[in-house]
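The first chain written gets the first letter, and so on, giving A, B and C; residue counts start at 1 in each chain.
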Amino acid sequence: MEQLAQKSFSLKSPPHIGSSPHVKNGHDLKHYSFKQKLWEGLIHFFLACNGYLAIVLIALIFLFLFKEGLQALQTINPLQFIGSKTLDFEGREIFSFIWQPVSSTPKYSLLPLLTGSFLVALPATLISTFLGIGCGIYLAELASPRVRNFLKPTIEILAGVPTVVIGFLALSVIATFVQNQFHTEFRLNAFVGALGVSLVIIPVIASMTEDALRAVPSELREASYGLGATRWETLSKVILPAGISGISASVLLGMGRALGETMIVLMATGNAAVFTYNIFSSVRTMTATIASELGAVAHGSEAYHVLFFVGCILFTFTFFINLFSEIVVERMRRKLKL
Amino acid sequence: MTSQNAKKIEVKDLNYFYGNEQALFDVSMKIADKMVTAIIGPSGCGKSTLIKSINRIGEISSEIKIRGDVLLDGENIYSKSVNLVELRRRVGMVFQKPNPFPKSILENVLFGPKLHGVSSRGRLEEITETSLHKAALWNEVKDKLNKSAMELSGGQQQRLCIARALAVDPEVLLMDEPCSALDPIGTAHIEDTIENLKNQYCIVIVTHNMQQAARVSQKTAFFMRGKIVEYDKTENIFTKPKEKLTEDYITGRFG
Amino acid sequence: MNLWRKILGHFFEGVCRGCAFVVLFAVIFILVFITKQGISTISWNFLSTAPSHGMTSGGIFPAIFGTIVITLLMILMALPLGVSAAIYLNEYAGNRKGARIIRASINNLAGVPSIVFGLFGLGFFILFVGRKLDQVLQTGLLFGQPALLWAAATLAVLVLPVIIVSTEEALKSVPLSHREAAYGLGATRWQMIRRVVLPQSLPGILTGAILSISRGAGETAPILFTGAAYFLPKLPLVKLWGILPMINPLDQFMELAYHIFIMATQSTNVALTRPIQYGTALVLLAITFLLNFSAILLRIRFRKKLRRG
């Protein structure tokens, strides 16, 4: 009350209250100052230019990639991307799946590259789905705040390690380890690559899983505990189902990253474009093919366009995987809001 | 004061839509200068929509459509070539929740004048002092003008927002439930401030608190479901309402 | 029954805990191993001299220099463009269908493999833009070959979506009430952005910028064909008017990530070059680690500030 009294006192004796116009007055509502008109217009124009430039650049990637890639189809029969007739050692004509773009009779079978990519990406996704989801659940639901405050930045650090460093480790350390354990024929193989790649996508899956679980409203949790469920039952029957779309989106995104990863597979998978299902065989992925051959082909040649065509396939794969995962996340957001 | 009863603002058959949802139906009212006009009604009755239509702030956050006119000194503010900057300089606003910028107290008060090109040091000092005095905040903050506005109490923040609005010397001051986030002491301060300002500005205050409307305003409009039910002198509304609905509302039978 | 429930719960919680510790172990292993192997190589000499004796001894100074120069050039190109594009998309373009589609494609582009950007860089910047410039300016073969400029441009396109997305997030974090307050005082749109929105979102924008610098410094695939070189006898410098040293954007350059890649895969003398490889990896790791760490700190402070008001 004292405060009030003091204040009303101050109200009674303000030094110069009066309506002295502070800012020059008297413009009608339709008056625009020259400065306002020009300046706002210029800035709007400048920002719009930048906005459109960014969009054009982004569209250009798409257009340019496909313009160069689809030129390959002008000279090459699409069937050749699957396989071509060659002569075997005894001179019989067989249908084989060979990637050999630089030779007297170039062969463009994409099957070795596709199987190579998936032979790395699928095991990598599998490993990191297991580890990443486990890690995400631990971070979101089980860890004490102190452990989380330490673990979360650590995982973020893993996400920031340059892939070339991981590739280097895969090449020098993981490869030796794998060979000693599994006595593989080739030191560098798809499995080594998959281990390296999973280091890149574990953080993606772990942090997206954590986000998805944290987005589950706490009322659900409390309701479940209120019904006498244990922590694990609450987690497995209430929280995981509610966050499942976010988790699946993270796995999809991780798979997209695994398919697109270049440096690790280039360094650690042995780079042999063979058509195989053996995970301990040397393989070559689509990304590694582009990376290792683009420097060797003549610009504008047929092989050059084929590499762009491979790029188009990669782009399409990852684009749709990402799009799909985004739709899944969007749906989850809408569902949880309701 | 010659313009005591002049119609500063005139709302004419205003229909206001958010998307396809209609929030105001054929609202017409004249708001006089140099006095306080209160707008009361149950929540969702369109009272906030009405004052947000007077400085056209509603349209920055949602897609709106309108039919009808709002005139400020006889000029239609919804005509195409209206400069919203000029309009909002003349029609100031204080919002429901105190929303000072995360800057110093001084920067908050001078935000408007600096936008409008006031640059002389003496002028800015004068504006600071006058505006803070008018908002009855000067004595509390004069020694800490460079402190962050976020350190003030809720009530002080709201008065700072009033000072900030007054610093551009508006003609109309719109207040959208300015006390709804404040405790009784903070509310009392704001009401004193309004009392102090009512002879200089055209003040329109939206409130869900009927006692507040009765205390601070000279005229009161009662809104329900987007329509004006009754608009009269405050004492008439609270002592002898003409409409049954108004009576039910002010006697607390619903709300 | 109750016991069974308990055991099952403990088992699965144990599995999750195990996953977390495997990952933790992996990170610590990577950091410790690289540090342990690399630290003995690091010396002032290693950081400040060029490779010698056919890359089997000497330092990595040109690669450090190249990394710094290319990331600086990259951020100079990408940051103004990305931030203004984000401001345009968030503050001017509204939420119409077109804007939403553009936003979705930008989001999506962040997941496109970096080697695809390398393809784009070679095909578009060097063979299309560069060769066209040469034709028009009659410069023979000056622009139409791999160079610092084109590599930086390629990386800039790569981090552009990252910058746009993080800037938009920062802009969105500024509460509507502050925008309303500014408009209510008669601010124009740009005044509102300059004086209210940008100061508050600056830390968020900076975080995004630092993260993209770190990403750019660690990328290898996009620069494989756009300008990185195995070994160069001199730095990409040119003397302006014969005296003032300036970076020559049309030179090729050495770069840390590329250096690791090339030393690890092309070197024949593993015994001699392994220490250099670990040393280089440690330097690169330290640079990206510092950048990411400062971004994380900045973000924590930013979030705290947002929560307070």
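In the analysis below, a residue touches a chain if its C-beta (ideal position, glycine included) is under 8 Å from a C-beta of that chain, and two chains touch if they have at least 3 such contacts.
Nothing here was measured: the structure is a model prediction, and the numbers come from that model.
Each chain gets a centre from the mean of its Cα atoms; the one farthest from the centre of chain A is B. Chain pairs A-C and B-C differ in how many C-beta pairs are in contact, and the one with more is A-C.
Averaged C-alpha coordinates give centres for chain B and chain C that are 49 Å from one another. Work out the mean CA point of chain A and of chain C, and you get 15 Å between them. Counting only residues that touch two or more partner chains, chain C has 188.
Of all residues in chain A, those touching 2 or more other chains are 36, listed in ascending order. Within chain B, residues 85-87, 89, 112, 116, 168 each touch two or more of the remaining chains. Interface of chain C with chain B (complex): residues 175-188, 191, 195-196, 199-200, 305, 308-309. Of all residues in chain B, those touching chain A in their complex are 72, 75, 77, 79, 81-83, 85-87, 89-90, 112-113, 116-118, 123, 127, 129-131, 133-134, 136, 138-139, 167-169, 185, 188-189, 192, 196, 200. Interface of chain A with chain C (complex): residues 36, 39-40, 43-44, 46-48, 50-51, 53-55, 57-58, 60-61, 64-65, 68, 130-135, 137-139, 142-143, 151, 153-158, 160-169, 171-173, 199, 202, 206, 230-233, 236, 253, 256-257, 259-263, 266-267, 287, 290-291, 294-295, 299-300, 307-308, 311, 314-315, 318-319, 321-323, 326. Of all residues in chain C, those touching chain A in their complex are 5-6, 8-10, 12-13, 15-20, 22-24, 26-28, 30-31, 33-34, 80-82, 84-85, 87-89, 92-93, 102, 104-109, 111-120, 122-124, 127-128, 157, 160-161, 164, 188-190, 214, 217-221, 224-225, 257-258, 260-261, 264-265, 274, 277, 281, 284-285, 288-289, 291-293, 296. Within the complex formed with chain B, the residues of chain A that make contact are 3-4, 6-8, 10-11, 14-17, 19-23, 25, 27-32, 36.
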